[in-house]
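Working notes for the structure below.
When the chains are written out, they are named A, B, C and D in that same order, and each has its own residue count from 1.
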Amino acid sequence: MTDNFKFYTELKVRYEETDAMSVVYYGKYFVFFEVARTEYLKNIGYNYTDIEKEGFYFVVAESNCKYYNPARYDDDLRIFTRVEYIKNSSFNFVYHIIKTAKNETLSDVKIASGSTVLVCVDNTDFKPRRIPEYLRKAIQDFEQI
Amino acid sequence: MTDNFKFYTELKVRYEETDAMSVVYYGKYFVFFEVARTEYLKNIGYNYTDIEKEGFYFVVAESNCKYYNPARYDDDLRIFTRVEYIKNSSFNFVYHIIKTAKNETLSDVKIASGSTVLVCVDNTDFKPRRIPEYLRKAIQDFEQI
Amino acid sequence: MTDNFKFYTELKVRYEETDAMSVVYYGKYFVFFEVARTEYLKNIGYNYTDIEKEGFYFVVAESNCKYYNPARYDDDLRIFTRVEYIKNSSFNFVYHIIKTAKNETLSDVKIASGSTVLVCVDNTDFKPRRIPEYLRKAIQDFEQI
Amino acid sequence: MTDNFKFYTELKVRYEETDAMSVVYYGKYFVFFEVARTEYLKNIGYNYTDIEKEGFYFVVAESNCKYYNPARYDDDLRIFTRVEYIKNSSFNFVYHIIKTAKNETLSDVKIASGSTVLVCVDNTDFKPRRIPEYLRKAIQDFEQI
């Protein structure tokens, strides 16, 4: 299921991210997705802060998540991340989160998967702008799309 | 667009919910959805705390959100909420969020819409359980579904 | 203990604010304090958004909280709030949070108390600026300090 | 200022942790402190999850933070952490956060410092219990207190 992902990042569940069911609150996965996007862009050579300095924001237009198994405090999560398509001013990210086994006798556990659609906008009027060419090319090269 | 909603709840955007774009962080809408679910259930006569005391959790199996316009600090949001279907152990909530106008010369603004699928599970093993009949009936009566 | 407070605001604990101990996460009280500050200023006639539009930020320089009893999901909290002092560019807020009883046979429960020191800064360079006179006067009049 | 600290952990600021001032929200530093506590305990050989499995919670009784300079999205923070004292059922943590320089021509920047008092309680009644001896000893040995 993660065969077509060329990138992943890892994080550890914080106590703050759990709720009274002792599992990660459903809304926190969108924070994990954000961390993954940041690291994905860095991995192909770009800091999102630099993109903002050029006058752009990448705003989220759509998001979704499916939850398979609960994650808990101190779990080690691996977030597989890829871009499926890139259009004129929008592109998406697809995520697949697993809990990595603490030792070899255990298996990885499928936690959640989801996606977000991002739109490149001008940071003054929030109107769509064409995604910068260098970034488009870097993503297309990395994903071979 | 909100004609078929029989319930709404209101909240005011907190500074904590904004991010460096000066708008509400995309993941916070799922917190707003949670507030709306809690108040929806209360409106038809049930506290979610009481449902938990009977040994159930309502866990989120799927969630999604579309973002139309940014909401900002101190905005007054109205979250229209309804249940579209209720199955054996799962049901959904649909949400539509608008920013209510501060005065009569302004119009309401469409902010976001989304949905969540909830599954009734046993709070010890997280296995699906049949939704309690009193709650099923209360939702069906309220929504006429 | 709340005799010298002339203002309070109320809120209800969200599921998102709880953690795996089934109580409100200790860091969330600072969000509650923020809500209280916003409502306090509104109560004496000022929106913090308008203050920002004039080119100021009120940044937090110090914060603290003492925790007496845990608050839980769906608890109704009342946050007593007052200003103790106002200097050239800084002033403080003091908070006292109680859980209000759900019915008359129960008593209010002391949850937490704390304070924050705020500094009025220029929103371009974050350097201290004199607190606007109208606001200083409004606070002094309200608190009789 | 960090000379008497024997441990630090690092993290990177997430977009979610920023607010409309484009800086880290003041309440998020308490989340950073939590991450630091978790890693501190792990560093001396203990997982907080294991302590919870023995029937204890470490609840926060007091917390405070002083803010020196704003941290921003994607900043690399280093959280120096130590225990100053350990009593029968309570102990504290002291934290000092710096932003580490992105390159050698820049200096580290002092961001915030704070402390928390933790109380070891029974996880059923939240009453204070004596801190487990193995943990007390491990902390005393590590800190030489």
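Operating definition for what follows: a residue touches a chain if its C-beta (ideal position, glycine included) is under 8 Å from a C-beta of that chain, and two chains touch if they have at least 3 such contacts.
All values derive from a computational prediction rather than experimental measurement.
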Same-site or different-site touching of chain A by its copy chain D, using the half cut: same
Taking each chain's C-alpha mean as its centre, the one farthest from chain A: C
Distance between chain centroids, defined by C-alpha means - chain A, chain D (Å): 27
Computed distance of Cα centres, chain D from chain B, in Å: 34
Distance between chain centroids, defined by C-alpha means - chain C, chain D (Å): 24
Junction residues of chain B - those touching two or more other chains: 15-16, 23, 27, 31, 34, 73
Residues of chain A defined as touching chain D within the complex: 14-16, 31, 34-35, 38, 47-49, 73-74
Of chain C, residues touching chain D in the complex: 21, 23, 26-28, 30-31, 34, 57, 59-67, 70, 116, 123, 126
Residues of chain D that touch chain B when the two form their complex: 15-16, 18-20, 22-23, 25, 27, 72-73
